[in-house]
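The following pair of complexes shares a single chain, chain A, combined with chain B in the former and chain C in the latter.
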Partner chain A sequence: MSELLSFRSLYARDERHAILAGLSLHVNRGETVAIVGESGCGKTMSIGALLSILPDDVRITSGSIIFDGEDVLKYSGKERMARLYSRIGFVPQNTSDSLYPLMTVSKVMTDAYVRSHPDAGRKHAAEKAAILLSSLGIEDAERVLSLYPSQLSGGMKQRINIASALMGDIDLLVADEPTSALDIHIRRQIESLYASLSGREGLAMLVVSHDLGFVRSIADRVYVMYAGRIIEEGLSDEIFSDPAHPYTKALMTLGTMGARDREHDLPEFGRPSSDIDRESPACAFLPRCSCRKDQCAGPVGYACISDTHFVRCVL
Partner chain B sequence: MGKYIAKRLLSSLAVMAIVSLVAFAALELIPGNAALVAAGTEGGSSSVASLAAEFGLDRGFGERLMLYYRNILSFDFGTSSYFGESVATLIGQRLGVTFSLAFFSILIAFLFSVVLGTAAALCRNKLIDAFSRTVVQLFSSIPSFWLSLLFLIVFSSMLHVVDVGDYVPPAVSISGYLSSIVLPVIVLAISETGPLLRLVRASMMRVRNEDWYRMGKVRGIPGIRLATAYALRYALPGPLTLAGSELAKLLGGTAIVESIFALPGIGRLFLTAVEMRDIPLVGGIVIFVSFLVVLMNLLTDIALFLSNPSMRKAGGMKL
Partner chain C sequence: MSVLSCVNVTKIFHDEDFEALRNISMNIEEGESVGIVGESGCGKSTLGSIIGGLEEPTEGTVLYHGNDVSRLKGRDFRHFRRSVQYIFQDPKGAMNPFFTLRHVLVEPLRINFPEAGKAELVRRAEEMAGKVGLPAGILDAHPYEVSGGEAQRIAIARALLLEPEVIIADECVSALDLSIQAEVVNLLRHVRKETHASFLFISHDLDLVRYFCDRVYVMLHGRIVECLDCRHMEEDAASEYTRMLLEDAYGKC
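Our next item is the complex of A and B:
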């Protein structure tokens, strides 16, 4: 499988703190990759860096993001999205407010498409939107297209967002916490929708989530993120069946216990400390780790467990 | 939709009824009456009594109130004791001048605020944003009477660019009309720009943090389209409401500027009426201007209602 997207040693910070501290990961073509970790570990910021939607005070200080062989960071925000729109689709975390309220669903879905495909025309785009909605299990697509976002349920808004992201015949679908803030019934529907998308020919997915059950059901590979960098990566089975990092183990315990609420805590470790130096070469998890050793305070490198399984821990 | 407008109309009528009652009560409470003013210093008690009978002042409070409401409903505000003409005619003659001043000054202030406020919000902390903040501070702090005098001295006395003092109705000469109102319109527009510009900038700033705005960027919608077709449309109801109520306020609040530029408007008529203790005229103008305020607010609300699809849907209007 060839590489579609890769983050290479990406550093980002706001005025006071480091946010991403040497983030490196990659997504191959057609592959579904998940990033898991607690709130505040930098999952959403890494997506923001790719899509140029970082908060105003956050800037990237070094590193690169390579998409299809080209460093996208060399383009300004506007130019980057004009280039990437037809290649990368994005489903945001808060889908209820991400559809423009003063336009019909049809207009919301087609407006960007007709601008990037000037030959297509709005009628063709609307037909494409209707077909997409039908393929996502929406039966009366024509009626839904004529509604305004305020008339849609939460689950329907989620599907419209996914459909909007797929309008551009994309290579990569990026989804930020796709199952959060949904009730259990709709969550099941959205999970099976993503499961069907992950089998789609040529479509890679990068999913950021703390919902481990969902991640396990769709991801080929999983990255565990802590304090702005990856601390463990591996195939989904390796991470879930044989976690190596103490932090990953604690996460998995929570996952099997069924704790799926957003602001969860790791009971053994307490809250993550906000004043840790994310850019330090030492292990950032050290203050919370119950298996700490003397070497943890020195530079910590990646240990190779298998060809596909790596962990940043002295073990 | 009909239901919303009917409801809004009813509440406006109720406000008008209360406002006119307050105006009536206020005029009742002030010392003196129209008959005393009309009789003048030479009039004896018999002429005051006959005038009072003519004006209906000898009747009971309830009867006079009913008569007052009946007259208002037939647009009869009585006869001016100073001018000796019908109050409705006097207001009608001067309405064009005041409406021109209010409408054009709000229009200019609104367009200027929308363009500069949008640019400032989209380029936050850049030069244009600093410029817009300076404009807000400067325009809000300049008193309009001072600016009127300055304009008079510079553009009329020194440069002779415009003639001041002769109002030319548009039916006579369009260029003469424009020349006679241009300076006061600019003065009023400047004083209206401060709050409007501040509100447009703040509303657009808020829009920048909306999820759909961020998603519009991610979906590759060009910046100009995102700023106009999306952001501005979403942010405008606040500034439009303010512009509507400011317009209504100006219809009764241009007295100083009208006096300085010697324009025959409602504001100046009101000053004359107060000075001459012309009670029917004062009452007529107060009622008329407050009705205009209520009407402008009603029109603004209906316009906002029609521009918001979710409200329209909720109101049962077929799209």
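Our next item is the complex of A and C:
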């Protein structure tokens, strides 16, 4: 499998804090990869670094992002967007706000197509939009195309965002928390939509989520992110069946539905501290860890559990 | 007797010609924790607002200790308002951004306990902040300067300060990370034990409702589908819709 995207030791910071501290991960062609972790760990920032949509005060200080063999960070924001637009589709976290309120679904989708296929006519684009919506399981595609965002349900907005992203012939679909704002029933529908996409020929996906059930159902590989870097990576089965890092284990306990026992409090393991030094070579999870050792305060490297399973922990 | 109940409540939003609630009757007993589950748009938040007196029903009656809420006046109405407190999904949206968190806590105290001195109210606010697990220093901050979990603790402290009989929690943890959710839910469990307050716990998370509540009302399209005991939901669930929710929650994981 050849590599489509890789982050290589990426560092980013705002005026006061380090945000990404040596982030390294990669996505192979056609592969579905998930990043999991709590709010503030840098999940969304890593996507922002790729797509050049970081907040104004955040700067990338070192490292590289290689897409299809080329370091995209050498291009300025605008040029990078222009280059990546036709290759990478993006479904943002808040899909309600990402559709322009005065544009019909048809306009949104045909615009997306025409921008990446400047020679194509609008009529052809509209036909393609209808076919695409049908292929995503939307029955009355013609009617949906004529609607405005305010007339769409949350689940439908999510579908339209995915469909718009797919209008260009993209190699990579990036989705930020695609299921978090949805009802459980709609969530299952969107999950199966993503599951069907993950089997699409030639389409890789990078999904950021804290919904572990969803991640488990779609991802080939999983990265666990904490305080700006990856602390565990592995095949989906390895991460879910045999988590190695105490943080990953704790996440798994919290995320297990049906494990809540009415007679007892929910398990707690503290919260991420905002004043840790993310760039320190020590383990950033140390203050919350229940099985810490003396070595954890020194430089911590990656231990290899299998050819595909790595963990940044002294174990 | 029920602390809060409603009888045959219907709510129509005339602007949109939309019937949000249809003929709903439900009750909350003293010390009981009652859940409402259902998807977005099923009317669970509207029901929460009506039973707590934030909105009026189009038809039907809301009863507080058996008294029609729409007939409560003056001191009785203020007592009702104080006794039923809300915790919302977005705590920062429910706080004045220009207030410090200390001010956020003291303001409702000042209104409801006008006879107490300011120093006394500040002392109560700081003591309550400690009880919900916040450091005293945080009260100098403004809502936008603290995390979502901290803001939700402030919202809980603000509700508790008024010594309510019923706390209506509307999706109060769904915007928080799992580890913070666990802390806030544990805090609410301790509140239940210590204050014997009743809860109306509104959530789309069936598993969480089942964990936290004694009874749950399942809602669909503005109606109550059924009411179940949380201890044996699977055995008792009669409606197809509830079965589907249970399957969605537990079937796949």
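For this structure, a couple of remarks:
Here is the rule we go by: the second predicted complex is superposed on the first by the 302 of 315 C-alpha atoms of A that agree within 3 Å, B and C clash if a C-alpha of one lies under 4 Å from a C-alpha of the other, contacts with A are read in each partner's own complex, and residues count from 1 in each chain.
To be clear about the criterion, a residue touches a chain if its C-beta (ideal position, glycine included) is under 8 Å from a C-beta of that chain, and two chains touch if they have at least 3 such contacts.
All of these numbers come straight from a predicted model, not from anything done at the bench.
With both structures placed on the common chain, the touch criterion links A:302 to neither chain B nor chain C. In the superposed model, A:112 makes contact with chain B only, not with chain C. Judged by the touch definition given at the top, the superposed model places A:188 against chain C, while chain B stays out of reach.
Of the two partner chains placed by the overlay, only chain B lies in contact with A:94; chain C stays clear of it. When the two complexes are overlaid on their common chain A, residue A:75 makes contact with neither chain B nor chain C. In the superposition on chain A, A:213 contacts chain C only, with no contact to chain B. Counting contacts by the rule stated earlier, no residue of chain A appears in both its interface with chain B and its interface with chain C. On the chain A side of its complex with chain C, the touching residues are 38-39, 154, 183-188, 210, 213, 217, 250-251, 254-258, 260, 262, 265-271, 274.
Interface of chain C with chain A (complex): residues 39-40, 147-149, 177-183, 185-186, 189, 204-208, 210-211, 230-231, 244-245, 248-250, 252-253.
On the chain A side of its complex with chain B, the touching residues are 51-53, 56, 77-78, 81-82, 84-86, 90, 92, 94, 97-102, 104, 111-112, 115-116, 148, 150-151, 164. Those residues of chain B lying in contact with chain A across their complex are 124, 210-212, 214-223, 225, 230, 233-234, 308-310, 313.
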